[in-house]
Each structure stands twice: as structure tokens, then as C-alpha cells.
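Just passing along the structure, written as C-alpha cells.
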Amino acid sequence: MPPTPWAVIAGVGPGTGAALARKFAASYPVALLARNPDNYTSLADEINKSGGKAIGISTDVADASSVKAAFSKIEKEYGSACAAAVFNASGKFFRKSVLELTEEEFTAGYDVSCKGAFLFTQSALPYLLKVAEDNNAKYPPTIIYTGATASVKSNALMSSFSTGKYAMRALVQSVAREFAPKGVHVAHAIIDGVIDIPRTKDWLKDMPPEAKISAQGIADAYWNLHTQPKTTFTNEIDIRPMLEKW
Amino acid sequence: MPPTPWAVIAGVGPGTGAALARKFAASYPVALLARNPDNYTSLADEINKSGGKAIGISTDVADASSVKAAFSKIEKEYGSACAAAVFNASGKFFRKSVLELTEEEFTAGYDVSCKGAFLFTQSALPYLLKVAEDNNAKYPPTIIYTGATASVKSNALMSSFSTGKYAMRALVQSVAREFAPKGVHVAHAIIDGVIDIPRTKDWLKDMPPEAKISAQGIADAYWNLHTQPKTTFTNEIDIRPMLEKW
Amino acid sequence: MPPTPWAVIAGVGPGTGAALARKFAASYPVALLARNPDNYTSLADEINKSGGKAIGISTDVADASSVKAAFSKIEKEYGSACAAAVFNASGKFFRKSVLELTEEEFTAGYDVSCKGAFLFTQSALPYLLKVAEDNNAKYPPTIIYTGATASVKSNALMSSFSTGKYAMRALVQSVAREFAPKGVHVAHAIIDGVIDIPRTKDWLKDMPPEAKISAQGIADAYWNLHTQPKTTFTNEIDIRPMLEKW
Amino acid sequence: MPPTPWAVIAGVGPGTGAALARKFAASYPVALLARNPDNYTSLADEINKSGGKAIGISTDVADASSVKAAFSKIEKEYGSACAAAVFNASGKFFRKSVLELTEEEFTAGYDVSCKGAFLFTQSALPYLLKVAEDNNAKYPPTIIYTGATASVKSNALMSSFSTGKYAMRALVQSVAREFAPKGVHVAHAIIDGVIDIPRTKDWLKDMPPEAKISAQGIADAYWNLHTQPKTTFTNEIDIRPMLEKW
């Protein structure tokens, strides 16, 4: 009998990451990766207490050895079959003229959004392929990446962020083309709008709630992607609230 | 108490349309539109016998009065609240040099894919808006359009088809931007590959089944779009089988 | 000795069309097509008086027989070799809700922008191919189409216009892929902004002149496309003034 | 009297870079940047002997201090007004599975194509802005970046290259939106095909010459971009040979 597969979420915080963790924890043991343990400790407790299974691992996705260590730990705990991997990390954000960005600030977007996504992909793929080879797997193994408006539109003062997000989208498309024929479902989500999370609670304050994206809605959309069969892969979706201008 | 809302599928045939009809019939009374009654008669029977509710209406989507008559009939049967409308029609297909197409052949793609989609949209929107105004509606009212590879890539010899599909995508984006703020979920699906239907059973014969898209998978994806809340609208998805080159 | 090739401009008016006509008239006899002779009469006079050669032909680009008659007339006057063809026509513009457009208004955009472009293309191609086969031709024969912001972005209330422009872009890409291998240069220009022409002289009045596109600048850009060799075809350019937001 | 402005080409080699250098040297003193002096020495000699003015500077575009030193040297030689800057550098190319790329190989594409472009942009902009402020400048100051098919399509095994090129395109769009209003013309060229240079002389050997892009054609296209007025900026062009499939 094949081992129970697990799910891994990188970039867990109080918003989208937490919603994703709860959603996937309803079906799989989950591993929650974040730099700061504050971002996963109480969430892992909550999941474990409510009948799920969760471990949190302090991880810097932009650091190769940190990512490798995280996946080694997951394998040791949960085994070698990954049903779903979600890359939801984003780096520090600098809204600055291209003339004022330091080299470190400029590359910060890429380091997390693209190099981090690459390291995460490299570590996750061997475990995803295990599920792809398992004819009894309930759903095709799935890896989903969280993009943004800046994945397809690069505004003034946004170059640090947008270069990382465009680059991540390129990575996703290349990975999709390479691994879909091997049965891995690779998808990219363009999250176009403000997500309704604790950090944004004062944004768009005089707008109705339909001006923000619900983290739960994102989690449901990612889960629906995961359940698609091998004959029907969606590689890209956009997501925006009904009041978003686009 | 508001009336039970219904769903309407234009372009019902033995493949995707039938899968869509069965999927939405599990939750709503459905109206099945097709030019040829052969395309809906036995399907409507099947739905009615298995506990659902279906009517078939012979409709030419490219003809304004035919579309209007169809919606009048639906309103008379089911009332004025539409939960979901799917435009799945496609016209006759001509693979020809731009030098060899007659004017009629060239415009045939537009007539069904875009003018037909426009007529369908104009008739469906008032009924969709009824559900948008109903605070107790289970899901936001949804209108979904079936696009193709040719909605975003226009190859040689494909101009009749691709001009219609590009134009339909423009229509969808305009309708989405106009009616999302009013609570209508408007979505476009880029179906990129051969759908596994009776008509294509001899295509890609020496390939495994994962070379074709499952009609059921499309129906599930459309249903998932329909269930998205107002905070989390997806306006475009792509769909392809795992073995598709793209 | 091969005949002197000519150029044809469809959609001649007091702005872009006139600038294009003057530009191409410096090198070729030109045929100026417009529905209303007021749009070409004085311009043709001006060109003929200043040493160039021009004929104006009243043409409805959305009418197949009118387009055919125009090209027959050109052939009779100038012979069978076309060096450059520019499709610069646009139909009447309706800024209206999709619910308020009549069928005639909705299809008006397509009729000129796409069906018109198709009819123009079909008539022009045989003459362009003549130049493609001529090894002594100075430049590859070129057909250029004037698009707009609405060729790639379809805003609310713009569906009549944008469906026509998206469809035209699909036509251009298909024609480019079919005829580039035969030596015809096919290009599409996304004109993104207000062109500085008599009709728009009161628009953006409190902005500096760099807020509008110069018709002369468009004409120069099209001419530069025309001079590209067979090894270096540009199939799409965008054009906007330095103060345009995009 | 303002100083004579100069042009700078980064990524000079025996192909496109050399053609660009010769083209811009016909109007401006040029600075030629390449890592290896072999790539510019004889070219600079040739330009200097034939009446132009050229200096070569050994530069690693991915290294901030190297780029800064290069521009200091240019300023010392030629003054502080830059008419045109071309970023034509590309890093080492790895065609490998995402599973087999080392971190160094994966980031190599970004380091040159995007971080290098950023460093080049930061150094060049102050000199370009000098020309933007000069009302007697012949043409708006221009910065052009050489992209590739992989700037918009990310194939399997190409992730190192395509992530860098997508990211560079994001950078260009952000810089364009920030600096166009200040009068700097920012453009991106999607070079879609094999360029006919010494290194590729054995590629596509059984195809006619129109299967490859001419470096001279690219140089002419970039020059034409440079001559566009402030009212008529093209921000993106594609370039392919007539026999390219796309």
C-alpha cells in the first residue's frame, strides 16, 4: 500500500497561507513553511487539535539548504509522497524608483518569488512524481504558485516586485511544460487585488467587502485545481473581487 | 420567496454540452439550446427521467429573434431568475487560405462565436441580474463562454475561426468589466486541445487517453467557477490535457 | 522590366490616412480609399500637384463588390504590382452598455475593422504577391493594419469596437503566418492613445503636445516597417505618446 | 552649447552588438561594453579608422562596480549626455531540466538579463535624462533592450534563460512607465529566431537565408526606434525572419 501523501504550503501567514493550510489539512497531513514560527505555530496546533495533522518548519525559501532541510524533515515525518505543494511566499516589497533601489532591494523580489520558487520546485518534484506514478492516487499531484497583478503588468516603481513575479511565471510555464506529460499538474494563479487579511484590514475601508479577495476563496480555488483530472489541467487562473478594476 | 433559478446551456451536443447539462441539472432546472433537436431530445428525456428538469429549445444563436424566443420560452417555463448561463456554441469550421474563403465562410466564425455570444448575453443578463439582486442566492449568477486555443493564437488557415474566437474573448472581457460590479460572474475558458467526444473518437488514436480533454472535466471546472463567491471571481481559465503541447 | 509598384491606403481622412498617403506617395503612386470623396479629393490634388501621383476611389470597405471595384480600378490605372497596402479604416463608434447596443451597432465594429480588413486583404494579396516574386523589388511587399488600445484591452461599454479590433488582430496574425513564408510582410500596429488630428483638436486641451500621437510619427513608423528586409520582419508594434498612461 | 551626446552598447560581440555599434557610430561616439576585450578591440579600431569614435570597456554587466566604472570612464571620455543606450547582453545558456539545474546555473539567466539590465539602466538613466532636458536634442534619448522568444514563451528546459528574459521585460515596462513622462524612450525588442552571426553559421544550413534574422536588420530597427519623436514612442517590437514559425 502506498504511503498517505502529504501537502506542503510555503509562505504560511495569517491570511492566504492559513486558509490554504486548513483547506488541504482536511484531506492530507500538511507541512507549513514560514520564516517566522509565529506564522505557523498556533495554526499547526489548531489543525492538530481539530483532527488534522500538521507540522511547522522554519524555512527561508530563498536559501537552498534551508529548503532542502525542510523537505528532509517532511519526508522523515510523512514519507515520500506529495499530493500537493503550494508556493505562496512573497518577499519584502519596495515601492521605489528604479534609480533609488539598491541592488539588494531590486533582487529581493526575484530571490523569494523566483529563486525561492525554483528551490521549492526542485525539492517538491521528486515527491510529487511519486504520486504521479501511483495509479491509485485520488488526484494528480499538484503544484500551485501564487502570482499577482504584477505577474502580467509591471507598473512604474514596482520593478523589484514585478521582475520577481514575471520570472516566477516563466518558471511555472516551463515546469508545467516539462512535467505535465509526467502527470504533475502545475498551475499559476494571478491574484489581482487586495486579499482580505489582518494586515490589510484598514485598506479600502470605505468600500464594501466585495472589494477584497477572500483568502478562503483562494484556498477553495486552489483545491479545485488540485482535484482536476489528468485530462483537464488548468495551468493558469486569475482571481479578483467583483469590485476590482482591471 | 424568490423563484428557483434555472440554468441555460447554448450549444448542446453529444459532448461538452451534454456534460454541462447533466452537471448543472443536478442543481437547477436546465434549458438546452441547440439548432438541431437531435442534440437535446434524448438528453432532456434522460435528465427528466432521472429526477432533474430539462427543456430543449431549437435555437439559432446567430439569429436575434430565435434567441429572444428561446429565452421567452424559458421564462414562461421556469421564471425570471437565471443562476447560470453557458455559451458553448461554435460555428462551422473552415480550414482555408484567406485567399480562398468566401465572405460567408469568413464571417461564419464571427456570426456564431461573437454575434451569437452577444445575442445570448443580451438575453441572459436581465435574468442573471435578478439573481444578483437576490441576497439569498446560493452562488453569484454566472455566465461562462467556451473559447479555444484560437481565442489567443491565430494560426495560418484558421482566420474564420480565430477571428470569431478573439472577438468573443473581447466581448467577454467587456461584459465582465461592466457587470462584475453588479454581481454577475463572467468567465471565459480557453479549451486548448481535442475534447474527447463521439465526433473525435478517431483522433489521436495512438495516444493515451490523457491526450484528450474530458467533457466531464470541463463541466466540473465550469461548475467550480459558478460556485466562486463575489470576493473571488475567476475571469479566465485555460484547460488542456496533460499530454498537450503548448 | 516589372511595372512600378503602387501603394494603397484604405481609410483616408484628414489625420493618419493623409499622413500615410503623403509618406508613401513620396515613393509610389498611391490609391486613396475612403467612403466620402471629401476625404481624399484635395489630398489627391495636393499630391498630384507636388510631383506625386494619386487617385482617390470612393470605397465602402465593408462591401465586397465595392472593394473589388476599387482594386480593379487601381490595377487599370497603375498595373498589378502592389508594394504597400495599409488598412487604416475604422467604423462608427458606440460607447454603450452591452444591454443597450442594437445588433446593428454591435456588429458595426466587426463589419469595418474585421470583415473590411478581410476584404481588403483578399483583394490586395494577389498584387502584393507579384512584388514578392520580383527579385528586384526594393522592399518586401507590406500590408499594415491600424489597431488600437482596444485590440488588446476590452473595456466596459466598448464591446462593439473591441470585438472588431480583437478580430482584426486575429486576422492579421493568421495572414502573417500564411504569407510571410511567401515574402509578404504583414504587420499590426497598436495605436495606444489619442491621435492629434483635426477631429481631436479639443481633446486633452490642458495637456502638453506630447500627450497626443502625431499622425506623421505613425506614417514614419509604417514606412520603417515597409523598409524591413525579409530577414527582419516586425509583425507587431505599439505606439503611444510619452505622456500616455498604460 | 550642450556636449555631443554618445551611445553605449552593452553586450558587444561579433554579431548583433557589432552591427549596432557600427549603426550608432555613424551618428554618435560609441562606448562598447563586453566582458572580453576580444569582442570589441578590432571593432573599435575599425570604427575609429573609418571616421567614427569608439572606446571599448571590459565590463561585467552583472557586477555593480564594473558597470559603474564603465560609465565613469565613458563620462570622462565623452561627457555626460547619452543619446542612446542598448542593453544587448545575454548570459550563459543552460538547456536542462529544472531538476538538474544547479542554483548557480538557474540564476545565471537572471543575473545577466535582469540584474545586469537593472545595473545598466541605473547607470545610463542620469545621462539619458540630460538629453531629455535638452530642447535641442535631435532625437529623444533612447534605451533599448534585446529580448528573445523566451521573453514571452517559456518552454520546457529553458527556465534559466526564460526567467531572466521575462524578468527583464518586466523591468523594461516599469522603466518605460516611469521615465517616458520624463522624455526617455524605453523599448523592448522580442528577437524571435536565430540571428545570422558567426556562431550560428552552421545552424539551419539547409534553409534559405530568409530563415535567419540579419544583425544589420536589427540594428536598423533599433535606430528607427531611436528616431521616433516624443509623440510616437514604440515600447515593444517583435522581429523574426520571414521563414520563422511562430
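Order as written gives the chain letters A, B, C and D; numbering starts at 1 within each chain.
By definition in this document, contacts are C-beta pairs under 8 Å (C-beta built on N, C-alpha and C of every residue); 3 or more make two chains touch, one makes a residue touch a chain.
Owing to the predicted nature of the structure, the values given are computational and were not obtained by experimental measurement.
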Path length in the contact graph (subunit A to subunit C, fewest steps) = 2
Remark   = Intersection of contact sets, subunit B vs subunit D, gives A, C
Ask   = Looking at C-alpha means, what's the farthest chain from subunit B?
value = D
Ask   = At the place where copies subunit A and subunit D touch, is the share of residue numbers found on both sides over half (same) or under half (different)?
value = same
Note = Chain centres from averaged Cα atoms put subunit A and subunit D apart, in whole Å, by 35
Query = So, what's the distance in Å between the C-alpha centres of subunit B and subunit A?
reply = 31
Inquiry  = If I count partner chains per residue in subunit C, which residues reach a count of at least 2?
reply    = 177
Inquiry  = If every chain is a node and each touching pair gets an edge, what shape is that graph: line, ring, star, complete or other?
reply    = ring
Note = Checked against the stated definition, the touching pairs are A-B, A-D, B-C, C-D
Note = Within their complex, subunit A touches subunit D through residues 64, 97-99, 101, 103, 106-107, 110, 114-115, 118-119, 121-122, 125-126, 150, 153-159, 162-171, 173-175, 177-178
Request  = Would you mind writing out the residues of subunit C in touch with subunit D in their complex?
outcome  = 140, 177, 180-181, 183, 185, 196, 209-210, 212-214, 217-218, 220-221, 224, 227-246
